[in-house]
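The following pair of complexes shares a single chain, chain A, combined with chain B in the former and chain C in the latter.
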Partner chain A sequence: MNILVVLAVAAVFALLRFRRANLLVWAGAWWVGLYVIFRFGFSAPIPSSVVSLYMGIVSIAILAYVSSSEERREEVSRPLVRFMTETRYAALLGATVVAIPALAAANVYVQMNVPLEPPLFPRTVHPASPTEITVHDKKIDLDAGENPYLELAISHPEEFRKHVENGRRVYYQNCVFCHGDNMTANGMFVHGLDPIPTNFADQGAISILRDTYLFWRISKGGPGLPEEAAPWDTAMPAWEKFLKEEEIWDAILFLYDFTGQKPRAKEEVHTQ
Partner chain B sequence: MNRKLLFVLGPVTGLVMFGAVVLIATFLTNREYKEPYRAPAAIVDATPRAAGLTDEKAAADATNRAKPYVEVEYRAFPVVGSRVAIWAVAQLHLLFAAFVLAVPIFAVLIEAIGYKTGDRRYDRLAHEFTKLLSVSFSLTATFGAALTFMLIILYPKFTNYMMSVFSPTFLPYVGLFFAEAFFLYTYYYGWGKFHPLVHLFLGIGLNVVGTSIMLIANAWLTFMMSPNGISDGGALISTWDAIYNFTWMPINVHRFIANVAFGGSVAAAYAAFKFLHATTDEERAHYDWMGYIGNFVAIIAFLPLPFAGYWLAKEIYAYSQTLGLTMMGGAFSWLFIIQAVLIGNLFLGANYYLWLGMGRVEGARSVQRFIKYLLIAIAVCFMVWATPRSIIATVAEIRAMGGSSHPILGFLGVMSAKNTAVNILILTTFMSFLLYRRTGKTATVSWAKAGHAAQLLIFASAAIIVISLGIYGYFVEASVRIGLSVPQVSSVLFAMVAITTIDVFLFRRPRMTGDVRWGRMPAVSQYVLIFIAVTFTWLMGLMGYVRSGLRQHWHVYGVIRDTSPDAFTPTLGFATQVVSLTVLLFFVLIGFVFWLASLHDLPDYDPVHSPHSPLLAADGHKAERSS
Partner chain C sequence: MTSRLIGSSALGCLAVVIALLFAAPTGPTGMLLRAQGPDIGTEAQRESGKTLYLKYCVQCHGEKGDGNGYATPHLLPRPRDFTTGKFKVRTTPSGALPTHQDLVNIIRRGMPYTSMPAWPNLSDQEVSDLAYFTKTFSPDFSIPENIPQPIPLPSAPAATNESIELGKKLYEENGCLKCHGTLGRGDGPSAPTLVDDLGHPIRAADLAQGWTFRGGSSREDVFKTMSTGLNGTPMPSFLEALQPEQRWAISDFIVSLSGSNGPGYTNLVVAKHVLDPIDLAKGAANFGSAPVARFPIIGQITEPGRAFHPPTTAVTVQAIYDAESIALLVRWHNMSAEKAGKNDPTLPVPPEEEEESATSGASKGGVFGDQEVAQPPAAADPFAEAAAPIAPPSEFSDAVSIQIPMQAPTGARKPYFIFGDAQNAVDLWFFDLARPDPLQFTGRGSADIAPNDTGDLSGVASYDQGEWSVIFKRPLRATSGAPFVPGEFLPLAFSVWDGFSRERGNRRGLTAWYSIYVEPEVAPSAAGPMVRTALLILVIELAVIGLVRRSRRSAAEVLRAKADGEGRQQAATRA
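== the complex of A and B ==
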């Protein structure tokens, strides 16, 4: 968080409290204050699509509040009515009438002056997998199957560690260049990629997926993505061309082991 | 005129007329169709071309006679295509069916309250709700028939397959439909004509039959998504297993609750429509009360709905990872952001209506001061729920964030945060209702202070449990995290039941500090009721599309593949346009139903007192002259 921005907004609110500001002023202050926090209050900036979403909610909430009782409706509408009907505000009213389209025009000008960028796409990060794939002439059931070496963690822990270590070797020989040393998507090639690779350390990434899903993504890569996910929109190679099936499963074991996460368990369908 | 001239003009005119007739006859005769000159037949028949034509015709006739019968897989619907046509008709059928199934549920309950308390207002209210049913029932049946015919015409092969699997269910369905018509019309037309208990029995019969119809129809559609009871090749093994497939029960529960919420909201919209048209304070008071009851029904049913939806989604994921991922992570995941925005608006709208309703009671200011805290909780939960996991962002924004998910907001995009937000939203809405309920009342029991403290403690405990489990969910594996939703929901439900129980005893004989002034509501409150009904309908259309579209290129998932030209998933924009148009059509038709229902209240046509009556007009003139 940018503490200075948050403190500045808090100071304005404190001043309004001290001056016992009208509800209309408070409504405006909340709207502007929250916009400033969303726009400038975070050290990693919030994308404009989310800011728009949040400000939509804030706008509805403020409107709901100022009209939620007769007194509040009265308190908000009174200064507005006075502003629009009393002659002493005529010049200011005229200026406001001119300022509204001028602000709209200024907004258009600002919007048109942004640097050229590729258009926004709502990217599907976890596209749906097929139910079955074929890797090295072997059919893998993605719905019913699971990592064949996972159960070794309980039955043969030493054997399991060997697979994890093999996975470590596979990772550092092949994956590290994009996914990075600590799996946070900061490998040396990452600056040339759009979109950047998956951050495995993120709690919302591999922990919500089953290991068969990872097997599909690793073995088939970008070329194996369905159309909904835009197959051209990733640089992930189809690793089945370079790795054996066992190596892919071992790499998956290592991903979960290194990040301290567990794959999503196969769920039991209700008994009938 | 000169007689001599007449003598001359008479024959001249006759000659001119005769000439004109001859001219016209000649003209017409010349225009008559005449066979053109042709050479004698013997010469023409001898040409090779004529022989060739004769042979061709004979060959075509022979080919036509030998043509085998081939079953058509698909037929095309003009202009919009088969998929959009079926989509719109099925959605309209479903919306009217939901309304027809829902209204009797709460109409019977309200009637029973009226019978038990002896308060005639409840009986009148239940009757008024029931008035909306008969035309809606006809429209449901009409759309149902249209849907059946369109399925047979446009998707004959698929329909044939469904008939083969579910053949034992169709005749009972028709029988139940007759039974529903019997109960519905006897219930409606028999209002006040039977003993109240007999009438209540008719209402219960209507509900039982209506729900049974829904259960059968649900078996068909859930089988399409999670087929069961068939061989690998699709041959039927067990009809019961096909009915009781993996998603049948979750859909039954979800639809039953959603129908009540939807029906309540549409009935409240009807009351709002009548309120806005009301001309007397008495009418306004009645329709204000009716809108309140309709909205109350909608919100009470709406509160457990997210849990039922969560269970359904969990079962879909359990049945097939592919379906689950398509829904929550794949092509349909963006629709869940729209869903979050719609549900957030529904919660906000429902709370806002309750807050406005506090104004009906004198001395509501002491309660209204809590609105800001409730609003902050709702707005924050709304934001959390609507935060997408993978954010739409420019390349520069993604680089600035360090990935496709924001380092802070990314935590809000996963289920732990969403579950927590929805549970707190439900708790907050419940608190709004509780505050509304106690507006203008003061508890007089000796343990009032302890009671309030206990309520606050339960509420705070439930909130702490929900938030703590939500945070804990970030540190455990997915299956454990999904399981945490059960204690979260249980604590919210426990809090709601416990606080309500305490509240009932706490306000048993309260000191009234202000009267409820029914009808004293700003017009904006009525538009909120209409907004809630439209949002519910839109939400049903949208989520219905998600459930149905999940199968993607399958009619019956994994069994009957869709090979029609429509075997692709439409863009989200197109889908929302179809849903919007269907919702618009529904409201045009339900507006027609409202209008028909309101005709019942109008006085009979009276030619004497009609404003257009000549008698009244004459009286009016007399009155003007005398004045």
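== the complex of A and C ==
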């Protein structure tokens, strides 16, 4: 929240209250004040399309309020009618009549001269995985399965560390170029990629995914994505072309180990 | 980043000045700093640094600090070998160790366009601890006589057109162009033969792309690099050979070569309409003022036969079209033109070659081809007039390709960005620069590329001062490949093969999908819509005002009529 902006708007409202402003002025002040707050009052900017939506709601609310009783209608329309009929306002009225179409025309000009942007296609970031995939002629159950080496963490810790270390080797020989040395997707080729690689250090990435989901994404890569995820754009290789099954599982162990995260737990199967 | 470095250089200068003030009577050996002993940190600091090193650095720099980690076989330039005590980017004289702050700076900001990343998320203390641990790999850091002293970095005179001109002259006189080339594109005659102290191939910096400088791209950075040299590489120090003003002048010239502070990568090339028919014989002159787009080139590391360190970092592209044809001009910097040999998008690359950087030492030829091109490090002195060994002719030629979808995409669906896929083919315009003309292929994936010679495609290529300029020309609507339609976007992607680095087939640099927009000959005018909008609003305004006034008038008339009626009534009663 940008507190200065909010205070400034509140100060203007207080002044209007003090001056006992007309209802029409109030209506205008609310409209402008809320716009200023939506547009500048938040430290994280609100997208302009959302602001337009909010302002539409604000406009309807203000209209509903000013037309809710005969008195309010009268109070709002009286100054407008006077402005449009009384001869002493004639010059100002003329200027307004010219200014509004001119501003609208200027807006049309600006809209028609926005910088060219290539067409943008929205894509699904974590599309649903299939239930089963085949990697190196072996069927992997993505729903019921899990990392076969994960249990070693408790049963054979030393063996487990060897798998993590092997995953580390796999990562730095293959993945580091895009996903980066500290897993924050800042590898040396990132400036040439769109979509950008997954940031594994992000708490909302691999921790909300099952390790079998990672296995699917790694083994099948970009070309294995469904259409809604734009498989033609992503540079993620289908790692089954380069890595053994065990190496992929080890790399997954390493990702969670390095970032101190855990895969999302397998959903409990409800038994009767 | 840069300001930090300037700050640190300024600090360095200050330290030297203070040290000199205090040390004046006793001479340099009595310097204040030297009296403190080697700055190798405390046991705790080194231990903390070791923990961090084992988490973040060991993968490339190795457990022994010798630059032999897991990733090393895929990296070029190779990770620093800390055991040698040789560090490229420093504030100290040539051959000297870096200061502690130098090490901290390089960890903090990384080395652009290499596999050494910046480490912005580590705390100042962590970076310092890492620097201390790094020093444990070389005994040189513990020797009191080796305590590094920053060289003086005097304040800079203003950069002027004269200083740039003077810098250009000095640049030529002092042999910079032997490696860096006349226009600084890293294409000097000696460039293909350069090796570092360990015998690994090394490239002269492309001075026309300042953003790729390992030691930073600001004027101060360039001055510092020229003054200190890059230890372990053929880049010497000019501290003794040139006066500070001369070094500043060369720095000004070098900074002027880049033309901008950053690469300014974009995602769109706009094809401009031209009235004169496109004439390939006129070459790049056809393209006049067409806007220049620059796309980043990255290694093809998705399909087997990967290229982990393509020497090409970017292509610049311009496009024009006339009544019948479209032409694209693709340019990129290239150390040496390989106009002999062969190239082809289908040439196989044995898997062992992916690991080649590990074996590419002087002993095996490696990147330079099969022949021996090694030379002793001593020959790396650019002042030495000894005949530079001539690089052997490359087995592979340079090449470039543009790909567009075979059919204009409907909706989001595009072919796979690497040479298409089985369902969605790409039309591939391939130019082997050892041949006079480009060839057309149909790509249905890296493993399914077939010649498709329709005769539609023509082109011309030229190499000058370290830059390839290649023009492709094709009818707007051709037998094969999506049409170019004014007012519409079309995806396109590029590949570049450097024959010198044995790039062919899948081993190459490429871009992701970008777009070309064919700008209509006559841009739609804003005047019509503007006038229409203004008139519409004006009519509404006048209607509202008219209605309000009329209703006001009729209300007033009613009142008057009422008043009149009442008056008449009164009169009647009176009567």
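Miscellaneous remarks
By definition in this document, the second predicted complex is superposed on the first by the 161 of 272 C-alpha atoms of A that agree within 3 Å, B and C clash if a C-alpha of one lies under 4 Å from a C-alpha of the other, contacts with A are read in each partner's own complex, and residues count from 1 in each chain.
By definition in this document, contacts are C-beta pairs under 8 Å (C-beta built on N, C-alpha and C of every residue); 3 or more make two chains touch, one makes a residue touch a chain.
These figures come from a predicted structure and were not determined experimentally.
Within the superposed three-chain model, A:Gly180 lies in touch with chain C and out of touch with chain B [touch as defined at top].
By the touch criterion stated above, A:Asp194 is placed in contact with chain B and with chain C alike.
Contacts of A:Ile100 after superposition: chain C is touched, whereas chain B is not reached. Contacts of A:Ser129 after superposition on the shared chain: chain B is touched, whereas chain C is not.
By the document's definition of touching, both partners, chain B and chain C, reach A:Glu117. Look at A:Glu71: by the touch rule set out above, it reaches chain B but stays clear of chain C. Looking at the shared chain after the overlay, A:Pro47 reaches chain B, while chain C stays out of its contact range. Taken together, the two complexes place residues 117-118, 121, 123, 194 of chain A in contact with chain B and also with chain C. Residues 42, 44-50, 53-54, 57-58, 60-61, 64-65, 67-71, 73, 117-118, 120-131, 142-143, 185, 194-196, 199, 202-204, 207-208, 210, 212-213, 226, 228-229, 261-265, 267-270, 272 of chain A touch chain B in their complex.
Here chain B touches chain A in the complex through residues 228, 241, 244, 246, 249, 314-315, 317-323, 325-326, 328-331, 333-334, 341, 344-345, 348, 351-352, 355-356, 358-359, 364-365, 368, 371-372, 375, 378-379, 382-383, 386-411, 413-415, 474, 477-479, 482, 522, 524, 558, 569, going by the rule given at the top.
The residues of chain C lying in touch with chain A in their complex are 55-56, 59-60, 69-71, 73-74, 113-115, 117-119, 121, 265, 267-268, 270, 295-299, 301-304, 308, 411-417, 421, 424, 489, 511-515, 517, 524, 526, 529-531, 533-535, 537-538, 541-542, 544-545, 548-549, 552. On the side of chain A, the complex with chain C involves touching residues 80-81, 84-85, 93, 97, 100-102, 104-106, 108-109, 112-113, 116-119, 121, 123, 168-169, 171-173, 176-178, 180-182, 184, 186-189, 191-194, 221-223, 227, 230-233, 235-237, 241-242, 258.
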